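Consider the two complexes below, in which subunit A is the common component and subunit B and subunit C are the respective partners.
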Partner chain A sequence: MGNCLLCHKYPGLSRVDEAGRMKLMFVNEDIFNKSVHSKVKCEGCHTDITKIPHDPAKPVDCLTECHIVEPTSEQKFSHKEVEKFLNNSVHSKIDEKGRPKQFSEDMPSCKDCHDNPLFRPLAFVKKVRPGIAEDAMGRCRVCHKKEDFIFRFYNHITTRMHKSRSPLNIAQACGKCHDDPELVARHNLKTKAGYSYSETFHGKAANLLDESVPDCLDCHVVKGKSVHQMYGNDDPRSSTYPANRGNICNSVDCHPGASVKFANYKVHAEYSKEQSPVIYWFTTFFIILTGGTLLPLMGIMFLDLLRRLFPNATIMRRRK
Partner chain B sequence: MKLKCFLTKLYIIAFMGLVVFFMVLIWNLTFAHLIHEYHSRKSGEEAQTHKGEKKKDKNTFEQIILKSEKRVKNYLGYRVLEQQYIEGHFHHIGLDIAPDRYSYCSSCHGDMPHDAVKDIRAFLNMHAFFVGCQTCHVKPSPEQATGIYKWYDRVTGEIVDSPVTGAHPGTYGAKIIPFVREDGVLVRIDSQDKIDFVNEYRKMERSLSEGQKSKAKKIIHKDISKKPIMCEECHRKDNPLLPLAALGYPKERIDSITSTEVVGMIKNYTKFYMPKMLHPGESKSSPAEDQTVQPTAPAESGEHAVE
Partner chain C sequence: MSEKYPPIKIVNGKKYFYRFNLNQRIQHIILAATVIILVLTGMPLKFSGKPWAPYLYAMFGGIDVAPMVHKITGAIMLVLFVYHVYWLITTIYHNHLLPLKREGKLTFGNVVRVLLRLPMVPNMKDARDIAGLIKYLLFFTNERPAGDEYTWKEKFDYWAPFWGIFVIGITGIIIWNKEFFTQVIPGDAINLCFIAHSDEALLAALFLFIWHWYNVHFSTSVFPMGTVFITGYLPEELMREEHYEHYVRVMKEMGLEDEILPPHGGHSSPCDSDDGDGGLQASAEDGPQAENKIQQGGTAA
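The block that comes next holds the complex of A and B.
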């Protein structure tokens, strides 16, 4: 990092490129050191940068083998497995026969869902420091002497022990595409998924930063699999395939004992005439009832107060 | 009695205000919501008509420009990291710098004004975050020059104490501006008269004739020197243009700014990337060509820059 930060520590290192996109070349060292990539050197990802001064950097290929060694296999680390998973998933750019799908450019690539992932060690709301277990760190220090190692290893493990992003952040990440009406229409999807999730009890709790509610991944990823192995609702491998749905809600952590039919309600019901007409008209009726009752009531109160303010006022001329 | 009557009326008026507030609230939650939903359904229907086909690129001002005003929040459990959203940006920014509302240059040229020399424009923009435009682009005459530079606040424009100590490099929220001598008096180079002139021009611009516009622009830019201050004039150990110590830079920062790494890098940039800008009209060769075919020509230009 040292050499690169000589320039890249400045937040103003920026330009507007030929296509009119803003390019910011600033790297915030403090935040970078709290990210999962903190041990990867700049040139581990930006492999085309070999000298200073350098030419404009090429886009990073996330599948590059970086210099980190994966400790169990002692192989160089790379994200290549993700590509295999993704190519076999509903988000793949190619179909089963290996041909590019229609509108394959709409399919997500790494940066559409991920920015540099930050350590999110076990911590509870209002704790102002990362992690809660100074005691645990103390145990680490008995055998391990390097503070940097202890910090990273502790954060790595504790980050992986729960959601690495809050349910709200997950829903927002998915919503980037799944709430775009053009994308939804172009790919014949039934719902604006992020929006309809936000209308549910789960979504509203997520919006209030509840960590215990299910987000998109809890239902759409088969337990124990990678989020990159996500399949369409019509794929028997999918957790949301009609025959598999029942097992999502009645898991031990959510609604144990719930019947398999429990999951067959309209999870992504929108306030939409086309998608859910019954819910739409029912909701509309109550909105009109509420407004139609309260607004005239407020109007009458206003007029009553007006009369109290001007007890003798009249528009008509008084008879003498 | 009169006081009681007055207080009762005041109470009634306050209550009426409250009733109106609730009416607006109820309207927004009920009928306004229905109307909003109706319109968004209409636009949704429009999207439905494009089922299976791709619409042309988005091109409204809001879609292209204002989207960069969007902000994202990362909820990390123990803290919330909020920052500006930049499409396709991987690294976290984590800090905000207030835009320069005071500089009358950036009111037209923007906060990222450098674009001409492709290979170093980001460097120049980086400096523009904490160095006022006039510091490099105006070379005061010997009678005007004072060698005095101060920091001004990017929002209020007021002269402030040095923000360097303790701040992350380049995140000062302030910029360096030169002071010049006019009629024997020490004044800021970006005097209020000049700012007023530019503001008036921007207000009137649409109603001015072409000739008037050209005249105004000439006057606004009359102090701008043809050749800007070059990197080496500050990034050198002996007698740098900016009095870094007086500007509040601690010794280690001055050593860093004038270090062999920085100065050496500038030399390399000067040699390989830069100074076609000093020879307008010449076609720009690629850096590779610079290195192999004509290694001496750009270096000469670099020397020109130091002269």
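The block that comes next holds the complex of A and C.
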């Protein structure tokens, strides 16, 4: 087959689907060629298209075996390994016994987090130290099995191995679900995580486009593992499990030498009586102090301005 | 000191009253400059989601440089604070406690009495002056309360930043050296430090940039700018408006009883300007004569 761009190169190419939503079918060749999937042919992912003109295509399934050959095993490449990890994680759609979880439709699938990212130049990566980064190796091990190959391949495509998104970008990606108040309530989560993160200095610096501050993944992904292996706070495998938490902050890149107590800092504190009563009343004290100081003074200022229009007027007695 | 800073200076026939010496003025300017820089480098973080924040932050070097600017400026302010407390203690010791010691009256009761009577310590007169001002502002009287050397507004403007620098300074040092302090204090105390640091800073910024600036620069009596923070001397019409009791005392001490003008009856205003101006003209005419008296007063003292 081939030459899909014969039609899809036209920017106006679109249709309205059965649900009445506008679907844009245009493929920007320039952008696509800079993306991580640029070497994959269209039909590598859109496997249901066999003839032209084609019927409405199904959504892409990321677990499909594609045309690329995986060099360590010389077999067709697939992201299927990722599914195993994801099913074993807090974001799994099924519980330990294989039954669908409650509200399993809320759980993310591949495309909820991954768009078709562009390669980013090296200048954008976080702190770079010489040597092999453990969090990069964790990403290799998801699909590739030979440690020796991983080592060489890492050096080969090192630019792809660093985080490809800015901290703000990551926080927004996680926030798509974790800031949704209905979803937070449905799953009994303690915080709107992206929002409470944005209230910390880390989040504030991320807002101001700092590339070096920690984002969600720096704390919630176990060192050496991939983002697909995140676990709940009550799971001993999780990096945020209370007993493991002390070792997050004092990583060499962050706060070396920090004590275990340091990690008791409440990253996801909110101004809420139920969630953090001490912080709630402490903040309330300052709100009252601010209002109690400024409002009377503003009142005096306002009256003073008014008084200056009629400097000698009085309703009681006049000075001689 | 009275030789270096005569209580009254006459420039172009207008009387100016001594308020602050050079040391105090330099302290104030350092404080003002550090506060402005700290607010400009701190607020973009507090309001990091607002559209103006990145632009303001970029003016101070953005996320890479601005935090360093903030910390260095904060350190300067804290050094100033420590110096100020040192200066305060030595000044009180030299001017108040040493004379007591020489007279042999250095008892605990006497010391407390002297400290409570210091001009910057709030007292009952301030409470009466606040009540008097409210009465005046609500048109119950047309007499402004006659302020002493330092009015309640000035004491407020002094003690509010005093407490503010203390709170913001301590929490700032803790946040700056959080790894060190959490060897002792729990990590969630850092949460409280952030809240205290930024909320108290917002209060201080609003207080200074609205209330303080209104009183010393923007109110119609001083607009466009009060100059006492540069010259150390306050013009006579503002002395009569804000410090009448002190004004009368200084004039009497200088032997200028017959030149004392009546209290400022309200403010000069586009609606009503028949009061107060006559006095100014008179003082201008009396210029040379008054100057003689001051010199006599100065030598006598």
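To be clear about the criterion, the second predicted complex is superposed on the first by the 245 of 320 C-alpha atoms of A that agree within 3 Å, B and C clash if a C-alpha of one lies under 4 Å from a C-alpha of the other, contacts with A are read in each partner's own complex, and residues count from 1 in each chain.
The rule is short, and it goes like this: contacts are C-beta pairs under 8 Å (C-beta built on N, C-alpha and C of every residue); 3 or more make two chains touch, one makes a residue touch a chain.
This structure is a prediction, so every number in the text was calculated from the model and none was measured.
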First (subunit B), second (subunit C), both or neither touched by A:Phe77: neither
Superposed model, subunit A: greater residue contact from subunit B or subunit C: B
Which of subunit B and subunit C A:Gly20 touches, first, second, both or neither: first
Subunit B versus subunit C as contact partner of A:Ile279, first or second or both or neither: second
Touching partner for A:Arg186 - first (subunit B), second (subunit C), both, neither: first
Touched partner set for A:Phe85, first subunit B, second subunit C, both or neither: neither
First, second, both or neither for A:Tyr241, with subunit B first and subunit C second: neither
Which superposed partner A:Leu209 touches (first subunit B, second subunit C, both, neither): both
Partner chain(s) touched by A:Thr290 [first = subunit B, second = subunit C, both, neither]: both
Which of subunit B and subunit C A:Tyr265 touches, first, second, both or neither: second
Shared subunit A contacts, counted only where both subunit B and subunit C touch the same residue: 209, 287, 290, 294, 298, 301, 306, 308-309
List of subunit B residues in touch with subunit A within their complex: 9, 12-13, 15-16, 19-20, 22-23, 26-27, 29-31, 33-34, 37, 41, 43-44, 47-48, 50-55, 64, 68, 72-79, 81, 86-95, 97, 112, 114-115, 119, 121-123, 125-130, 168-171, 261-262, 265, 268-269, 272-273, 287
Sites on subunit A touched by subunit B in the complex: 3, 6-7, 9-16, 20-28, 30-32, 35, 52-53, 55-56, 60, 102-103, 111, 114-116, 118-125, 127-131, 165-166, 168-169, 172, 181-182, 184-186, 188, 209, 211, 271-273, 284, 287-288, 290-291, 294-295, 298-299, 301-302, 305-306, 308-309
Touching residues on subunit C, where the partner in the complex is subunit A: 44-46, 48-49, 53-54, 57, 62-63, 133-134, 136-143, 160, 178-179, 182-183, 185-188, 190-192, 194-196, 199-200, 202-203, 206-207, 210-211, 214, 219-220, 265-269, 271-272, 275
Footprint of subunit C on subunit A - complex, ascending: 198, 200-201, 203-205, 207-210, 255-259, 261-266, 269, 276, 278-279, 282-283, 286-287, 289-290, 293-294, 297-298, 300-301, 303-304, 306-319
